[in-house]
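Look at the two complexes coming up: subunit A is in both, with subunit B in one and subunit C in the other.
== the complex of A and B ==
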């Protein structure tokens, strides 16, 4: 192994690690706010990549139909909820808006060919489809059982993931897809040529992490989300709605997932079921951070990226085994150093 | 009694088959301090939790002109009810200032200047918190945490402040400070529903009092009268009350 190979593997590891770091942050955010382990996080990634690819390949974009179906289900559930609460059914403005938005976007993506619209427009349309998908998933599947035991939430998460993978096969077919790179060329640093997509991934990830940091540290809404994660009862007592916090964290997770999918699509061929394994690596990062620390989770995810890249070189058939085995010493160390913590509720 | 701000009628709460609160009724008038005293396990915390909507309940709760059965916490917060729970429920890993800002979350459309003005008002009442404004809530002492919990609740500009055992686990000097602040809040027109094991201190500060025993309201009356009621003296004040009275005089 010479310097050139180390740099190439390092670059690959950094690119993937940055994506895993984003996913780790997202999984952590959703877990701390809602106690839900977001197994379907990977579907946001795969659906985003495949939607971009469908637009570029001129094949039908079908994600709008899923969004429309979920928005309609959310509307029915809202009507049912008001019926139970007030004794008479009422349609909330929000749910009508949701269905209208989904319908408009479905018509747009079905009728307007977006193949020549440019990567930026395609990426925006993809995010416009996936971010509300996160909201709708929370409303339909998780909000009714928000107070349930984390184990129940995990089982529902697995079920949602399995259903979404099936729907993914239906929408995108079994073929894998790759999108065009955002730009050509790259940057030469001494002996090393940095791929342009690597630069995009690193720049967008850093930008997003900075944006999230500012949101959580500076804005009242970001602080409210943190507060909901720190003390649920306390948050409710100051008027932070757990529903709103849940929806906001899911929308953020969907935003991060869709951006990750858009970024990774030109580098890796993505299939309808590829999301799971990608987000699982983010999850390993989140576990390294003890499902509590954002910086450690991000660093853990970067480490996973490097381990994956170098094990591809040394023992490519054991790549996944090596990556996922990394979780074992962390779990052993955590179980030995954990003496049980008392929460101050 | 002045016009009731809160009127609770026949409130019942059950944990499975066990009834923790049965047919409890009480009223809190505008600007009043009302206290509920009673032994451990009488259902005092359950009562406050049910009124706030933390626990599901049966019976009627009328607050600030709105009638509700088993209310939702958010509705009560939005109407101006605030609860400081026994365990305080602070945002432990966030700064004192962030805790306070979040206390005013229901006014999130307020400008930064208005929020700052509200905070300065509170810092005047709790100067210690101003000194600690950048410190993480988890690193505060017990008394400071109680002050922070009180101040955070006040940031929401409550019409009714409900306090669950505000003196629990605090040193006597801090307890005195807590009750001084409660009296000061009354002067500012905040209505207070106070739950206390320290019956002597609660009856001294309150206008009206209820005695809760085994989930039922056993007695009620003006606080000054209950403080001299032989049954209350025997059960809740006893020697401790006499001792406190001697200390105060």
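== the complex of A and C ==
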């Protein structure tokens, strides 16, 4: 083990750690605002990566159909809700817009070959598909039960995850896929070659984290989300819609997930079920942050990336064991330092 | 297209639930595949090959009952029990995965139902025991493939090898078989690294291999997971020979690997290089017919996994007429006779090679069941 190997392993750990950090932040965001543990977060990653790959490989992009189905379900639920409330069915403009948007995107991705459109356009289309998917998931599965016990929300999350993995197999097939790197070459720092994709990952992650910071500290919507996270009832009393907060946090989580997927797709082969294990590591990061602190969660996720990289080098067969065992001392320490665990319900 | 497919599959799902058992079938064969879950890439071509299996053998109609185990060994056991106790099948083809197969051997043996397993690991038929007597394996044993690779290594003057394999029974068995063979030929195994199919980075494994600087690297992984180790090694600047197992023998390997897998050597069945094999090869016509029929039905070329199920059908086609002399389908006597008849199959050409089964060898391939193949100019090419 020499200096160069340490640097290469560190770079590898940093790339993965940055992705885990992004996922840890979005899991944390969704949890604090809605008390939902977003298990399907990984599906955003995998679906984004596979959609990019499908566009580049010239195979049919089918994600639009899922979005269309969910938008239609949301519309039906909206109509049903107004019926129950007012005694007569009415169509809200928002749900019509949603269905129209999903239909337009489905037509676009089915008919227009995006293979030569360039990475930027493909990434934009992918995000245009995934972000509303997050919204629709919240509307269809979580909004009707938003006030339920966190345990119920967790069980629904697991169900949504399992269904999405199955739908993923149907949409993308069992084979893995990979996309073109954004740019070739890299940056030489002394004797270490920094991979260009690593630079992309780190740069985009830093940018996103900075953007989130500004959003939460400076903008009214960000502050409203924070208020909803601190005290749900209080936020509602001062006029912050919990529905809006839930939808906004899901849209942000989907945005972060799709960006992670787009970033990681050129580095590795992604399968329809790869998302879970990636987001699980982000989740471990969020746990290290006690599901409360953003900076600690991000640092924890970076630590997971490094631990993974180095433990793979020393004992590749036991890598997952080592990474997930890391969570134990953290949990012990947290439970010892917080006497009399308070139940928030 | 996709919406249509979805509608059709939903419709068939509903129909299959309602009409699982037509009355007049005489020989019943259960098929268990993993067409969903982590090893769906193996199970899907297998499931798609079921409609191509013979439906009339020796004057008897054959009914196939297909179940999905979702890649879960527990579900495989449940599927086997259902087939044996409720459907009273005469034979079972499947399951798709090695761990799934290991778990059901005892149930097949207790019920006395011959099981034709299209799985990779030789552990289902070796070492032969009283229970494994009921298992037949329609894939090449790992050691047959390993022998071909080792012979090529020896000829190329390779003295040391690094190994990267998946952390599952496939990788386990390859490490064992290859390690033994290499020791016999005086080839040193310098490093052995493992990974999971879903791993997002193999940098560390690659570095470990690089730092031991072997003459060649063998990658043992099923399906498209065999690509990432090789491209990682390439990106890290490794330019030695890279060997792959028959697990990499699928079209996606070339698509995912691109230029970085040029020059790879692997040993696999002739299906990848059908047009380059001489017409005199006993398997050529059967394999071409299978590929054509599969393509017509599904619109894509089959991975070799599907051919393993098709071969099981060919074995049954040879054995059932013999077994019919031993008893009526549906009886224990028939199943016993079927087992004995399968054991007697000699010189049966199939899609993967030629079967010569004996009481001790329930896989029965010889060197006609493997070809040395390399990647040249982005295409699979037969090594002459």
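Quick notes on this structure:
Just so we're on the same page, the second predicted complex is superposed on the first by the 339 of 345 C-alpha atoms of A that agree within 3 Å, B and C clash if a C-alpha of one lies under 4 Å from a C-alpha of the other, contacts with A are read in each partner's own complex, and residues count from 1 in each chain.
Basically, a residue touches a chain if its C-beta (ideal position, glycine included) is under 8 Å from a C-beta of that chain, and two chains touch if they have at least 3 such contacts.
Note that this is a predicted model, so its numbers are computed, not measured.
Once the two complexes are laid over each other on the shared chain, residue contacts for A:240 go to subunit B alone; subunit C is not touched. After overlaying the two complexes on the shared chain, residue contacts for A:227 are found with subunit B alone; subunit C is out of touch.
In the overlay built on the shared chain, the residue A:26 is in contact with neither subunit B nor subunit C. Of the two partner chains placed around the shared chain by superposition, neither subunit B nor subunit C is touched by A:179. When the shared chain is aligned, subunit C comes close enough to touch A:273, but subunit B does not.
When the two complexes are overlaid, the chain among subunit B and subunit C that reaches more residues of subunit A is C.
Of the residues of subunit A, not a single one touches subunit B in one of the two structures and subunit C in the other. Partner subunit B is touched in their complex by these residues of subunit A: 220-221, 223-224, 226-227, 230-231, 233-241, 344-345.
Chain contact summary for the complex, subunit B toward subunit A: residues 52, 54, 73-74, 77-78, 82-83, 85, 87-94, 98, 101-106, 108, 138, 152-153, 155-156.
Taken together, the subunit C residues at the contact with subunit A in this complex read 1-3, 6, 36, 38-41, 43-44, 167, 193-201, 203-205, 207-208, 211, 223-225, 227-228, 252, 255-256. Across the complex, subunit C is touched by residues 1, 5, 8-9, 11-12, 15-16, 19, 57, 60, 62, 65, 166, 169-171, 173-178, 264, 267-271, 273-274, 277-278, 309-310, 312-313, 316-317, 319-320 of subunit A.
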